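Next, two complexes with chain A in common: one pairs it with chain B, the other with chain C.
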Partner chain A sequence: MPMPVLPAPLADLMAALGKLPGIGPRTAERLALHLVQADPSFVRQLATTLTNARDRVQGCATCGALTELQPCALCQDDRRDATLVCVVERAVDVWLLDKAGTYRGRFHVLGGKLSPLNGIEPEDLRIAQLEQRLEREPLREVILALPTDVEGDATSHYLARRLAPRGLKITRLAHGLPAGSGLEFADDLTLSRALEGRQPIA
Partner chain B sequence: MHLTRLRLRSFRNYGRLEAEFGPGFHVLLGGNAQGKTNLLEAIYLLATLRSFRGVGGAQMVRHGDKGYFVGGQVLGQGAHAMRMYWSPSERRLSLDGQPVRKLTDYLGTLRAVVFCTEDLQLVKGPGTRRRRFLDLLLAQTDAGYLPLLQRYTRALRSRNLVLKARLVDEALLESFTRDVVGVGTQLTQLRRELVPRFSPLVRLAYRRIAHGAEELRVEYRPSVKQDFAVELAQARGRERTYRTTLVGPHRDELQLLLDDRPAVQYGSEGQKRTLAIALKTAQAEYVGGRHGTPPVLLIDDVMGELDARRRQGLLPLLERAHQASGQVFMTCTEVNWPEELGSRLQRWEVKAGTIEADRLVR
Partner chain C sequence: MPMPVLPAPLADLMAALGKLPGIGPRTAERLALHLVQADPSFVRQLATTLTNARDRVQGCATCGALTELQPCALCQDDRRDATLVCVVERAVDVWLLDKAGTYRGRFHVLGGKLSPLNGIEPEDLRIAQLEQRLEREPLREVILALPTDVEGDATSHYLARRLAPRGLKITRLAHGLPAGSGLEFADDLTLSRALEGRQPIA
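Here is the complex of A and B:
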C-alpha cells in the first residue's frame, strides 16, 4: 500500500513550526493542519503580523531590551534613576522586574550567562557594552539580578570581579524565602542561603 | 515499603508483563537467560533511574522495539504510582500521574538495595565505584544531598572546561571555583559525617558473614584535608599542567582495610566477595534505620556464590526484612535454591519473559 503523501508545503510548514520553542512534532502537526485549512485572510494577516513584529522589534542598542525605538523607552525615560543599573540575563527579565514596580533605575541585558558547557564565554555576552555605559553614564550602583544556578552565580562573581576596579557599588539580589509562604515550600539550598543572608529585625 | 505491582512493556526480554506482589520473600526461579535478573533490573531502575548493570537505556529496550516502559506501584507512606518510558528520542517520568520536574521529588518513593555480581567492583574497581556508592547512600538518606551533588558536578565540569582552554581566563576560572569550593566543602562534610555512622555496620556485617578472625575497617580518605580553597590554590601550578581540577570530593576515596592492609591488594577473592556483600548489607541496614522501614532488597544470585556458612550471615538481614513487612526479591536457578530460607516464600517461575506464581512451596 502506498504511503499517503503529505503535500510538500504542508510538510515544510510542520518542519518550520517544529523549530519553535515548546512546540513538539505533534503540536507542529496540529498547528500546520489548522493553518492550511483556516480562513485565508486570517493566515495572510498572521503572516504580516509575524514579519512586521520581526522587522520592527530589535534589541535596544544601549540596554539590550526589546524595543521598537532606539534607544528604548526605558533608556529614554528621564524619571528613572540614571545612577542605578540592573543587570539581567534575558530581555524578558527586564519586563519581569519592571512589572514588579519597585525598581526605577536603568537596565542592562547580558543576553546569556557564562557557560563553558555551552561554549558561552565573556565575549559572547554584552559585558563590553556594559563597561562602555559605565564610562558614559552617571551610574553609581550595579545591581546583579542573574539566576542563582551554577552559571548564573559564576556570571555574577565574574562581573563583580571585572567591575570592581571602577569603585562602583555592586550588589546582587537577595536569596531567600518566597514572599508570603512558609518554610515548607523552600528547598534545602534555598533555606540554607536564606539563613546565610539573614538580617537583623528591629 | 514494598512494590505491589510491576508493569513492563518491551523491557529486555519482556514484551508485556503484569505482576502483583505482596510484602515478604519472593524467589524468582528459572534457568539461565529466562529473564530473572531483568526483573530485578526493572525494579532497581524504577527506584534509582539507573541500571545496576551499568548500561544505558538503549540496551534495555526489547530487541526490535522502539522504547521500553516500566511502571510500578509502591505501598509505603501512602500508595504511589511510578511510570517511566524511554526511547532514543523521548523520556518520560511520572509520579502519581504528574510529570516529574525535580528528581528529588521522585527518588525516595521506592528505596532499593541490590546485591549482584557487579558489587565485587566496589572492592576491586577504581575509586569512582566507591564514591558512587557513598553518593547513593547519602542520596537515599539525605534529601538535600542530590541537589548539592548535581550542582558540584556542573560547577566542576565547567571549571575543568575553563582549565582546558588554550589561554586560561583566570577571572572566569575563579568564578566557577567559588561554587566548586563552597558546594564541595559541604559534600566533604556530609561524607565525613556519614562514614563513622556507616562503618560499624559494615564491620559487623562482615564479621557475621565471614566468621573470620580478620578485622575490617572502612575509612574515609577525603581529597580535601582541611581547607578546600587553600588546597585548591596550592594545586594551581599542577592544574596548569594537567588542565583539570586535581583536588576535591571527586577525588575522595573510601578505603577498605583488612587487618590494616588494603583489601584490594591483600584480600583473597573470598574475602573481597564477602566484603562486597557486607557493604551492601550495611547499606540496607543504614537506609532502613534512617527511614524506619527497610528498603526493598534485590538479590541476584549471590547466594549461589557463597558457601552455606557464609550464607548464614546474610540471613538475619533477610529475616528482618521479612518481619518488618519489607520485601525481598531473589533470583535462583533451581540448583542453588537455598534450603535454609524455610518455607515462607512466594515462588515464581520465570520462563522466556513470563512469570507465573507457584503455590506456596512445600
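Here is the complex of A and C:
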C-alpha cells in the first residue's frame, strides 16, 4: 500500500479550513501549505486568537450584539439615540450597520428569521426580549432591518402586526438592498441609503 | 471617547486572518464573524488542528519534503524510481508534482532560488545536500523543476553548470508552465505535460 504523500496533520488542516464559508478546496490547500511552513509563533498566536475570540465574545444580554462586556458598548453608550431601535437578524448585522456610520440608535438582534418549514417559530426568536425593552426603554420607533428575502419579509410583516397595538412608529429599511441577499453583501453607501430611505410598514 | 463596537478579540481575529495569503480584509471580516458565532467545539478543533499541523509536519532530512516521518514516505517508497531526482524550490512543490500523478522518482527541495540581490547565495540552498545524495544514491538523472521566472531560470542554469562534471543527465521541465509563475497555479495536466516534455539543459 502506498504511503500517503501528504502528512495526515496537513490533510486534516486542509479539510478543516475547507469547512469555512467561502473557502474552496484550492484556497484551503494554499492556506494549509502556507501555515505548516509559517513561523511557528505566528501559527500558535493565530490559534490562540481564534479560541480567545470564540471564548470571550458573547451575545449582549440586552440587544444580542457581539460583545465582551455585559451590557455591550452600544447599550451603554448614552450618546446614542435611546428612542430608536433597529431590529436585525444576526449579531454580525449590528456591526455591519454601525460601520456604515449613519445610524446612531439602539439595536436588537432577533437571532434568526421566521421559517415554519424549518421549525423556526416566533418563540425561537428574541421577540419577547424586544417587547420587554419596549416596556422599559423610552423607544418610540422600531426600524426593521431584516434581509429582503421571503423569510425576512415575512418576519418583518409578522413583527409589524405584533407590535402595531403599541402605537410605536414601525419602519423598515428602504429598498436599495439587493433582493434575496443579506446585509453583508451591501457596501456602506447602500446600507446608509437604505437606512435614510426607511418607510413605514404599518 | 466612544467605546469600540467591535469586541477586541474579534478585531484581533480579523487582523490575524487578514495576514494570511489571499485573504483580503473583507474575507477576513466574514471569516472572523463566522468563527465567533460557530460551534465552540468546531473552533477549538480548528485551533488544535492548526497547531498540530505546524508542530508535527517537518521537512524530510533527506529530500526536504513535508513529512511526519524521517525519512519521509517518498524517500522510503522502494517502488519509486531511485535513478531520478526532481529538484523543486519549495516543499509544497513536491506535493503539487506528486499529485499530478506522472512522476514516480525521488524529489529534492532546494528551499529557495538564487537571488544575490536578496542575499540568497548557493550555500543558503540545499545544494550541498543534493550533491551528497548524488554520491550515495544511484541517481542518473536530475530533473530541474524550478519556477520559470528570472531567479528560477538562473538557479537552473547555475545547478546545470555545477552538476555538469558528474556526467549525469540533467533536464528541466518543458515549457508549458506560464512564465513568471510558480507550480501552484498550474493544473495537473499542465504539470504532467511539462514533466513529459522535459529537455536537456546541459
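The working rule: the second predicted complex is superposed on the first by the 168 of 202 C-alpha atoms of A that agree within 3 Å, B and C clash if a C-alpha of one lies under 4 Å from a C-alpha of the other, contacts with A are read in each partner's own complex, and residues count from 1 in each chain.
Please note the rule applied: contacts are C-beta pairs under 8 Å (C-beta built on N, C-alpha and C of every residue); 3 or more make two chains touch, one makes a residue touch a chain.
All values reported here derive from a predicted model rather than from experimental measurement.
With both structures placed on the common chain, the touch criterion links A:Thr102 to neither chain B nor chain C. Once the two complexes are laid over each other on the shared chain, residue contacts for A:Gln199 go to neither chain B nor chain C. In the superposition on chain A, contact is made by A:Gln45 with chain C only, not with chain B. More residues of chain A lie in touch with C than with the remaining chain of the pair chain B and chain C.
Every residue of chain B that touches chain A in the complex is listed here, in rising order: 104, 143-144, 147-148, 151, 154-155, 157-159, 161-162, 169, 171-172, 174-176, 178-179.
Residue ranges of chain C in contact with chain A, taken from their complex: 2-10, 12-13, 16-17, 19-23, 27, 30-38, 40, 42-57, 65-68, 73-74, 76-77, 79, 90-92, 94-95, 98-99, 184. Taken together, the chain A residues at the contact with chain B in this complex read 114-117, 121-122, 149-151, 153-155, 157-158, 161-162, 187-189.
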